[in-house]
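There are structures below to look over.
Each of the next two complexes has chain A plus one other chain: chain B in the first, chain C in the second.
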Partner chain A sequence: MDILVSGFLLAGTYALIAMGLNLQYGVARIMNLANGEMIVLGALAAFWAFTSYQISPLLTLFLAAPLSFIGNWLIYKFLLRPLVKRAKNQGQLEVDSILATFGISFALVGIMVSIHGEYFTYSFLANPIEVLGSTVAENRLVAFFIALAIGLVLYLWLNHTRAGTSVRAVAVNADSARLVGINVDKVSALTFALGGAIATVGGVLISTFITLDASIGVIFTMKALIIVIMGGVGDIRGAIIAALILGIVETGVATLVDPGLTLVAAYFIFLLVLLFRPQGLFGRRST
Partner chain B sequence: MSEMKWGWPVIGAALFLLSAFIPLIADGYWMSIAVTIAMYTALATSWALFSGPTHYISLASGAFFGIGGYLVATAMSDYDLSFWLMLVVAPLVSALVAALIGFATLRLSGVYFVIFTLGLAEMIRNLVSWVQNNFLGSRGLYVLTDFTEAHIYWMLLVVCLVIFVFGWWLSRSRLGFALKIIGNDEEVAKHVGINTALAKVLVFTTTGFFGALVGVIIAPRYSYIEPNQVFSPELSFMVVIMALLGGAHRLWGPLVGVIPFALVWETITIAFPNSTTFFLGLAFLFIVYFIPHGFAGLIEKHWLRLRS
Partner chain C sequence: MIRRNVLKVLASTSIAAVTGLTMTFGAFAADTIKIGAVAPKTGPLAGGAVITQWPNVELWVKQVNARGGLKLKDGQKMIELIEYDDKTNPAEHIKAVQRLATQDKVDFIIAPYGTGFNVAAAPIYAKYGYPQIAVSAISDKIEELTERYPTLFFTLGTTTSFVEGVRDILVKMKDEGKIGNKIAMVNVADAFGIELADAARPIFKDAGFELVYDKSYPLGTPDLSPVMKGAKASNPDAFVAWSYPPDTFALAEQAIIENLDVKAYYSAVATCFPAFAGKFGSKINGVLGAGGVDPTTEKMMSYRAEHEKLTGKVPDYWASANTYVSLQILEQAIEGVGSTDKAAVTEFIKSNTFDTIMGDIKFENQFSNKFWTVGQWQDGVFKGVSSINVDGAVPVVEKSGWN
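Then we have the complex of A and B:
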């Protein structure tokens, strides 16, 4: 039961991060391997604000999110847009964007290591609280509900507003979206920025209950990618279920076997998905 | 053009012979750089044999290299097996691992493959550390041989030669041709009756084989082996960078990337030991934006201009 509760709470943040990555890949067509670094940047911001100025991570959220939005928008505009223009087909863009985002990711890791090379350790709301008969830390619960709230807002925005509809239209078919008067470039840039901002928010939340360091981003990138693939690209419902599975299996393995094996567990799930449902949990097999 | 048909192999053989004499003139410092260059030439060239034509970016080099280094260390420390036996066994094990990864991921789009190989070295490292700590006892592993740097260098040189000959054969074989078609358009490849998954898996398997082979040969250089050290994700990225810098679409491409990069990298790691990751990132960005076809692409462009 402890495992289920902690796994469930962890899954909330995972689902949020995967949602951001899903937007970037599904709409802006960029396979963003620097996603994990946006998470770590969020964590670093929260750590720095808390240890230097005693600012609560919950306040840092409001500062870090817009900053990350602007930063990611600039990255898209100046680094990734040229690649989109240059690419002759989707395959070419995929290779280029993978290599470019690797570059961005390494450069960011390098910068973060020089800012703070050690673990981002701080203690925020680390009080025990009783949930469904098992004891968890308050920070996990708070992070979960914030992630849930943001995810909900995002879902409603995507499905019930005009702007959200145009984002979904670009995801379905960029060329047709252009025909009905949607500014595809603008929507792609904004969606990419939004995805990055979501990752940063996820990072701020995660840092309240998991200790990160500057070079751990790639692990989170892996996990987010596994969730996106397991859930099916562009499928929010699938991503939530996938995040739940990953969160619970990971917590289970960490508690019952060894905390050093969480990545191995994630890989095991990934392998099963690739072998049996490469189209995603709810995806239809394309012919 | 017909008189040039044997030109390149002859030039290649001459360069190979010349490079075999380097240990006779190089001192310790240059010898260690020569070993590094030979190591990355082998890894990057065998990487490019698969990733060049198919455009599937493999980040598994670190994993294969680690399998080689770790297996030889375990076998020599714990089971008293000989280095030479492991020189044969470890690459076969690694090739098998590569084949399994290939069958799981290469039926699907390239993105899945990149993602799977991205965390592979780290995942195997976690798994190996766990097994070692819980079942084998965490003792150090030693690879004690009486090889000098020169011996290691010569062995790597032979591996390079084998890879080049294999690559040359591959480029004129049916399999190599199939791979090129797959890289241009996988749908077309399927329609002309190529078993695309099998072709990709076969060539990827050779990358696994050579990766572990290099890992075994390099192991005596470190003598003390730890999983944390041999399963290095950074190695995978170095291999990709060097191969792309040189140009992955030509057999000799990675070579012209490895040599300058290894020398520049040596300078960077001495001058900025704490910022290597940052420079690795800049190198990636530089290649993507300024020389997408690598040095080989640049050389070919200027060569054509000179001739016309």
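Then we have the complex of A and C:
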């Protein structure tokens, strides 16, 4: 039971890390290597608001998310749009966007180091709570439920609204979407901004239970990439299922076998998925 | 035509500007002594370096320049500091040192941050003849390394002495009947944690302890609750973690959540950081950690006050002071020699005693055998409780709950 509860909570963390990148890569086709820095920015905002003004991270969420949405929208409009326009095909856009966002990530790290180069560490809801007979931290539980809510809302929005349908249409085939009158440009920009905002929300929540610093973003980017590729690019269900698998397997291995083998187990599963389902658990075979 | 003229004017002014710059620079350079510093400002070790290393460099340079600079035979010289970020990457570090030596032509370089970096960069410091007074470096191979690199000095201690410091405290508590003989031990799966855990296993066993839980976890593990649950289930009397900064924080948080009921709780690096107490407040009262200081001596109090005043940051309760000591040694050696002769300064360090904020420091075979090994949070201050040749250790208190 301990394994399941802790595993689900860890999966919540992983889902928070990966959902933003999933949208950005799946729909806007931007392989955003600065995704981790967006997470760390959220953490920095939460840390700063909490230590300077005693503002609860749960409140910071509502300030950081719109700010991040606007910031990411601007990044897309001014820095990534030209790349999209110029790219002759998907491959070229991927290479260009990797290079551009890699550069953005360095700039963001530099900015964050100059704001606060030390660890972002504070205590928020670090109290034990019993869940199904297992002791867990309240802050992780809160993060899990918010991750669940975001995942659910995203899923419903994507599958049951007109706007969501056009997002999915762009994800499937941008050229055909344009033919049926969808403003691909606008949809891509909004989805990219939404993905960034979700990453920032994830960062705010994660900072309540993980100690971060300005340069740790790349670790989150890596984890997010693994989850997105495992789950299938552009499918929110895939990201959530992949996060669940990783969370439960890592916790199970740490509890039953050895905490030292968690990374091995995670990469082993990743390898299996790549070998037997290279398009990801919920991915479509590229035509 | 107009355009060409404009270009011409532009070109001549920029040439004038450049020559002007070099001239002032040349004149300036004669009056200064150039000191290089390479350490992480980004990357995994940056969080520690910006607390322990960089503020002390800043403090020292400000203090020396405030009193008019370093006193050499040909007059007093202000310090000109050249800083590089090594991005927590040994290759970058070595490149930066090369640049400092060949392009910036600095007179001295402040030693790197971190054990791995001090060892990895030792050959290049030795090649250019820069004395390297390593602080944030703990190793059992000091003898071998100092023999190979005549410019390398160690000041923070050996791996074994750190483990023995912990052992002595646990043995004393056991003999007094405060704890039993069961230890839960975890370590971060990284050179530092592995070396300490390997050293600790036989030392704890020989002292009559039983390791009821002994696991490692990868660096950057996002959830340490399985580790803490496992440790708690083994019912230990003492908990020992050879940990690094992010996991030192995470382990303490999980110990609070799981209410790990031990009379002795030890975690290694970063336990002595002010941020540790900032995060947990009074809950971590009684937590043991690597390092320590004697905050009651007059020199240490004035150092801590100056550090806070000039850098705006609170120093940690361990290697911050040692880092400052290493700079005091460098300063006194340069002034003692009276010139920027690197070989002479290195010799001076080897054969003299230095008056520092931690008392007199003297090197024997390039190793200063005077350092703190274990400290403990007692009423908001991390006090040294175990040391090698340093006075001022206070008695250890039992950990009683996490409130």
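Quick note on the criterion: the second predicted complex is superposed on the first by the 257 of 287 C-alpha atoms of A that agree within 3 Å, B and C clash if a C-alpha of one lies under 4 Å from a C-alpha of the other, contacts with A are read in each partner's own complex, and residues count from 1 in each chain.
Everything below uses one rule, namely that a residue touches a chain if its C-beta (ideal position, glycine included) is under 8 Å from a C-beta of that chain, and two chains touch if they have at least 3 such contacts.
In this text the structure is predicted, and so the values were computed from the model without any measurement.
Within the superposed three-chain model, A:109 lies in touch with chain B and with chain C [touch as defined at top]. After overlaying the two complexes on the shared chain, residue contacts for A:275 are found with chain B alone; chain C is out of touch.
Once chain A of one complex is fitted onto chain A of the other, the partner contacts of A:70 are absent, as it touches neither chain B nor chain C.
Of the two partner chains placed around the shared chain by superposition, chain B and chain C are both touched by A:219.
In the superposition on chain A, contact of A:263 is made with both chain B and chain C. When both complexes are overlaid on chain A, the residue A:127 reaches chain C alone and has no touch with chain B. Look at A:149: by the touch rule set out above, it reaches neither chain B nor chain C. Once chain A of one complex is fitted onto chain A of the other, the partner contacts of A:254 are limited to chain C, with no touch recorded for chain B. In the superposition on chain A, contact of A:95 is made with chain B only, not with chain C. On chain A, the surface touched by chain B in one complex and the surface touched by chain C in the other have residues 109-110, 113, 117, 215, 219, 258, 260, 263 in common.
Put simply, chain B touches chain A in their complex at residues 55, 57, 104-105, 107-108, 110-112, 114-116, 118-120, 122-123, 126-127, 129-130, 134, 233, 237, 240, 244, 274-289, 292.
Residues 2-3, 6, 9-10, 13, 51, 109-110, 113, 117-119, 121-123, 126-128, 135-137, 140, 209-216, 219, 250-251, 254-255, 258-260, 262-263 of chain A are the ones touching chain C in the complex. By the touch criterion given at the top, residues 41-44, 46-47, 50-51, 54, 88, 186, 189, 215-218, 220-227, 229-230, 245-246, 249-250, 253-254, 256-259, 270, 273, 275, 278-281 of chain C touch chain A in their complex. Across the interface of their complex, chain B is touched by residues 31, 33, 79, 82-83, 91-92, 94-96, 98-100, 102-111, 113-114, 117, 215, 218-219, 221-222, 225-226, 229, 258, 260-261, 263-264, 266-267, 270-271, 274-275, 278 of chain A.
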